[in-house]
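Heads up, the next two complexes both have subunit A, just with different partners, subunit B and then subunit C.
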Partner chain A sequence: MNVADNLSKPPVKKMNWDWVGVAPFFIFAIVFLFLPSLSIFYRSFQANDGGFTFDNIIALFTVRDIINAYKTSLQISLITAVGGAVFGFLLAYAVVLGGLPRGIRTFMSTFSGVASNFAGVPLAFAFIATMGNAGLVTRWIEGIFNISTRELGFSIYNMWGLSIVYMYFQFPLMVLIMAPALDGLRREWREAAENLGGNTYHYWRYVAFPILMPSLLGTMILLFGNAFGAYATAYAFSGSFINLVTILIGAQIQGDVLYNPGLGNALALGMIFIMGLSMAGYVWMQRRAARWMR
Partner chain B sequence: MAFLEINNVSKKFGATEAVSDFNLQIEKGELVSFLGPSGCGKTTTLRMVAGFEMPTDGRIVMDGKDITDMPANQRDVGMVFQSYALFPNMTVAGNIGFGLKIMKKSAEETNQRTKEMLDLINMPEYAHRYPYQLSGGQQQRVALARALALRPDVLLLDEPLSALDAKIRVSLRAEIRDIQRKLGITAIYVTHDQEEALSLSDRVVVMNAGKMEQVGTPFQIYNFPETNFVASFVGTLNTAEAEVVDPARGLISMDGVQFVSADDLNGRKKGDKVRMSVRPERFNFADDQKKDNLLDCTIENITFLGSVVRIQVKIGKTVFNMDTFNNPFLELPKIGDNGQVTCSKEAVLVISH
Partner chain C sequence: MKKINIWAWIILFIGMIYFFLPLISTLEFSMKMIKDRYTFEAFRVAFTDRVFFERFGYSVLWALLTITLSTLLVVPTAYWVHWKLPKARPFVEFVTLMPFVVPAVVLTFGFIRLYARPPFFLNDRPILLIAGYIILSLPYMFRAVDTGLRAIDVRTLTEAALSLGAGWGTILTQVIFPNLRVAILSGVFLTFAIVMGEFTFASLLAKPAFGPYMEEIGSMRAYTPQALSLVSFLLTWASIGLLQWIGRGRVQEQVAGAH
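Up next is the complex of A and B:
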C-alpha cells in the first residue's frame, strides 16, 4: 500500500449522532429561555397601541420609582447574598468541621433542604405572625417591657425586614451547597500546611479559601439571582409596600390601575441585562479562581 | 545519645491501644522503616513524631530536646503523605515554596531554594505546572521536595509509594534513598511492603498489633527472625509445628520427619513443642554432596515466577515452598514425582512461639 492508494480512497464519512443526547436540553433552552427573552426584548419596544416606541426603555432611566425599585432589588439581593453566604458558610463549617455528632449533621442537611424551599406565602405569613405588628414575639416583647414597638418606629415592613425574611431561604441554600465543598477539604492539606510551619490563618488564607473560592462564588451568584428574582415572598410580605422590580412588573401586567405590559417587558429586560452582567462577572472571577482545576 | 529518641511511647484511642510501649533510638542520618500489616500502628507512631497526635504515655526527644508537647508547626520535621497531599490550588513552585513563604523568607531565597529542590527531584521544567497536570510519581516527588525545602532535621514518609504502580515504585524508592543519603537526613519510612523496607533501610522495625516485634538491619530481620510473626511476615516463609528430640544435637521432629538445626536448643527439653521454619530459597534438590538434612518429598506444584521457579514439595504431611533460580538448561521435575531435597542445618530456624 502506498500514498497514492490512500489518496484514491476518500474516507467514508460517518454521520455523527452524538448531538441527539443533548438535543432535548437545547430544545428546552430555546423554548423556555431563548424565545421568552426574545419576546421580552421585542415587546419592550411596543407601545400599548402596538406601535414601536423607546418610551419604555427611556422610563427605566428616568422614572424615579423605577430607578428606586432597581436600587432596592439590587440592595436586597446583594445584602442577602453576602449575608446568606457568610452565615451559611459559618453554619456549614460548624456542621461539617465542628465535630458534631453524625445525627445532627443529617438533621441539619434535611432541615436546610426544607428551609431553602420554604419561601413565598407560607414564609411571609410565618414571619408576620411572629414579628409583625400583632405578631407573637412582638406582643411578647411589648408585654414584658410595656412599650409599643410601633410608636418607637420599629417596623419590619421595609428593606431590612424583607432582607431578614429572604435570609430564611438564602442561608440554608448556602449550607446545602457549602457542606459538601467543606467535606472535600482533605485533612492532609491542613496537616501539610501545619507541617510546613503554617498556623490556622495560613491554612485558611492560602489553602482552604482558595480551594473553596469557586464554590463560594458559584453559590453567591445563585443566592443573588435567587433574591433578585423573588416575587411571591415579597408580595405576600408587604403587598406593594416595598418597591421591588419584580413587584413593579407584577403591577404592570396584572394591575388594573397601572396596566402597561410594554413597560413590564422593559423592566424584565433590565433584569435580564443585570443578571447577564453578573453572570459575566461571575464567569470571569470563576476563571481566575479555578485556574488550578482540571 | 541518639538523634531521635522515642521512649516508652504509647497511644490509646479510647479503649483501643494503637501503639504500646514503643522504644526506638535513631541515629543522625539513619533511615529506619516501620514495617507491618495495615492497622498495626505505623502511621500513629509517625504522626506522634510529626506532632499530629499526642502520645498517651512516653516522651519523644529530638537532638537532646524533649519535643513531646511541641506543636506540629514548630517541629523541625518534614512529612510526605501517602496521598501526596499537594495543595491543588498552587503550582509546583508554589507548593515547594509554601513553607518558605510562611517563614517570610525573601523572594530571592525562596526562588533559589525552590530551584534547588526542583533540581534535586529532577523536575526543573515543571515549576509552573499545577498538581493535576502531574503523574502520581511526579506529584510524590514534588511532595518530597516540599517536605525538604525547609531543610528539616527529620524526614517522615508515610507509605509514600503505595499509591503508585510497581515500576515507578521501584525507581522512586531508589531515588528517595539517594536523596536521603545525599542530604544525610534522618528519616523514618513507613511501609507495609517488606521488599521496600528491606531494600532501602538501614534498620527495620517490624510492628504487629501496636507492638514492636523486632528491630534490626534488613539482613538480621530476614535471616534471623526472632518471632513467629516476623518470620511469617517478612519474606515467604515455611513454618511448621515440631517437637524437640535431642536439644544437644539440635534434632527436632516434624510429624516424624527429623530435621537438624544449628539453632541453640539449650534450655529446651525433649518433647517441647516448637515452631520451625525454612526459607524457600534454602532448599535444594539433592545432589552428590552431603547435606545436613536430606528429605524425601513429592512434587505438588510448580509455579514459574520469572527469574525464580517456585516448587511446592510435600515433606511428610507438610507442604513447603522451595525456590530455585530459573535455569533454562536444567530440567524441572514433574508434578507427582518423588525425589529428595536438602537444606543445611543453618537454614532450619527454630522460633519460639
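Up next is the complex of A and C:
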C-alpha cells in the first residue's frame, strides 16, 4: 500500500477540508481501479509503434476468434440470465407466496446465500463429478437407457454444459433479490383488484407484474453481468475449450496469444463497455423498483 | 389455493435437486478412490499433502490482510460520508459498484500491464493481489457498514463524543467501531468466503493460494479435487451461515462475486 500512503497527503489549498476524510478511499480507488482501467482505454487506441489508431477497435469486429468469443460469452450470459431469472422467480414465488412451511423460507435464504457465492474452481469440480464422463448423473442415465454417452459423442464441455454450471449461482441470486420484492407486494393491492372485479390473472397482469417488472429486469441484467464476467468457473470447468472473452483475456495475460498487445487491451475495453452498460441498466431499474419498496 | 401449493412443492423439489445433486455427486465421487468401496481415502490424501496446508495458509493470510485493510479503508470513509459529507455518497457508491463493471480478469489485465512492469514492479510483492481483493470486497464491506451506520445515530454519538473531548481516533475506535461490530462482521465473513476460494487474481498474478492449488490438483489427480471442493463448500457454508446468524433479520444484498 506504499503508493497509496505516499499519495494520501494531497496539496490542500482553500478546499473543503471535509473531503480529506474520504481521500484515502478515493486515492486507493484511483490507483487500483481507475488508472488500470484508464490504461486499458488508452492502450486500446495505441498502435504497436505508439501512435494513435482505431485498428484495435476495428479488429474487435473483424477477427474471427474475438467475434466468436464475444458471441459465446453473450449467449451464455443471456441463457443463464433468462433461465436463472425465470427459475429463481418461480422458486422465490413458491417460497414466499406458495404457502410452504415457514422453515423452508429460512433454509432457502441461507442456501441461496451459500450457492450464489459457491463458484469458481470447486463449483466446476462439483459439476464434473455430477455430469462429467464418470459423473453420478451420467452413470444413472447410462444405466437407465443402457447407452454410452461417450460413444454417442455427447460432451458437457460446451456452451450448454457451462450454462448448467452457471445456473447454480445464477438462480439463487435471483431468489435472494426477488424474495424481498415479493414480500413488498401488499395484500391491499390484491384486495383492491378483487374489489374492482379482477381475478388472479388481472391482478398479476395489471398490478403485480408491472410493480415487479423493474426488479425482475434489473436482476436479470445483474445475472447477465454476473455470467459475462465469470472466469474461474469456466477455466476450471473446461480449460480453454470454451472460447469466452474472459478466457481469451486470461490467455492474453499469460502470453500474448493474439500477437498484438493493443488488441488485448481493446478486448478488455469491450468487456468494460458491456459490463458498464449492464450496470447502468441495473442501477436505473433499481431506482424504478425502489419507488414501490417502502 | 391447493393448486398453488402443489406447484410450489414441485418447484421447491426441482430447486432442491439442483442444489443438492452436485453436492451428493461430489461426495460420492470423492469416496470412490479405492475401487469397489466407499472410503474417505481421498480426504486422507488431500489432508496429508504438505502443499495443501501451505497454500491454504496463504489464502487465510490474504483473507486476513484483505479484511483488515478493507475495514480500515471502508469504515472511516462510510462514517465520514454519514457524518460530514453526504455529498460524497454517490461517488463512493459508484466506486463500490465498479468491481461489477471491471471484472477480476480485466482488472488483473490492467494491473499487470500498468504496475507489474518498470518502474513499479508491484507484483514482486503481493500488493496487487491484496489490492484486487480489497476492490472485490468493497461492495460487500461498504453495503454492510453503510446499513450498520443507518441503524445508529451517527450525529448524536459523534457530537456527544466530541463534547466529551474525544478526538477522531477515539471516536472511531471507541464509539463507531464497537457500534458497527455486527455490520463489519457480516462484511468480514463474506469477504473471507470470497477470498478463500478466489482463483482469478491469485492464478493470473501467480501468487500461492488455495484456489489455484485446487485447480492444479484437478489437472493432476482424480478424486482429491472433489474432496477439496467439499472442503471449500463447507467453508463457504460456514461463512455464510455465520453471516446470516449474526445479521438475523437483515437482507443481504449482493452485487458481484468472484465467479
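Following the convention adopted for this analysis, the second predicted complex is superposed on the first by the 223 of 294 C-alpha atoms of A that agree within 3 Å, B and C clash if a C-alpha of one lies under 4 Å from a C-alpha of the other, contacts with A are read in each partner's own complex, and residues count from 1 in each chain.
Everything that follows uses one rule, which is that contacts are C-beta pairs under 8 Å (C-beta built on N, C-alpha and C of every residue); 3 or more make two chains touch, one makes a residue touch a chain.
As the structure is a prediction and not an experimental result, all values here were calculated from the model.
A.B. asks: Where does A:W160 make contact in the superposed view: on subunit B (first), on subunit C (second), on both, or on neither?
C.D. replies: It touches nothing on subunit B or subunit C.
A.B. asks: Once the shared chain is lined up, is A:A230 touching subunit B (first), subunit C (second), both, or neither of them?
C.D. replies: Only subunit C is touched by A:A230; subunit B is not.
A.B. asks: With the two structures laid over each other on chain A, which partner does A:N195 touch: subunit B (first), subunit C (second), both, or neither?
C.D. replies: A:N195: touches subunit B, not subunit C.
A.B. asks: Identify which of subunit B and subunit C touches the larger number of residues of subunit A.
C.D. replies: C
A.B. asks: I'd like to know which partner A:V95 touches here: subunit B for first, subunit C for second, both or neither.
C.D. replies: second
A.B. asks: Which of the residues in subunit A end up touching subunit C in this complex?
C.D. replies: 1-3, 18-19, 21-22, 24-26, 28-29, 31-33, 35-37, 39-40, 43, 87, 90-91, 93-95, 97-100, 104, 108-111, 113-127, 129-130, 134-137, 166-169, 171, 173, 176-177, 180, 222, 225-233, 235-236, 246, 249-250, 252-254, 261, 264-265, 268, 271-272, 275-276, 279, 283
A.B. asks: Could you list, by residue number, the parts of subunit B that touch subunit A in their complex?
C.D. replies: 50-52, 72-74, 77-79, 81, 83, 85-90, 98-99, 101-103, 130-132, 146-147, 150
A.B. asks: So in the complex, the part of subunit A that touches subunit B is made up of which residues?
C.D. replies: By the definition above, subunit A touches subunit B via 186, 188-189, 191-199, 202, 206-207, 210-211, 291-294.
A.B. asks: Inside the complex, what are the residues of subunit C that reach subunit A?
C.D. replies: Touching subunit A: residues 1, 4-5, 7-9, 11-12, 14-15, 18-19, 21-26, 28-30, 69, 73-74, 76-77, 80-81, 84-85, 88, 91-92, 95, 97-98, 100-115, 122, 127, 130-132, 134-135, 190, 193-194, 197-200, 203-204, 211, 214-215, 218, 225-226, 228-230, 232-233, 236-237, 240-241, 243-244, 251-259 of subunit C.
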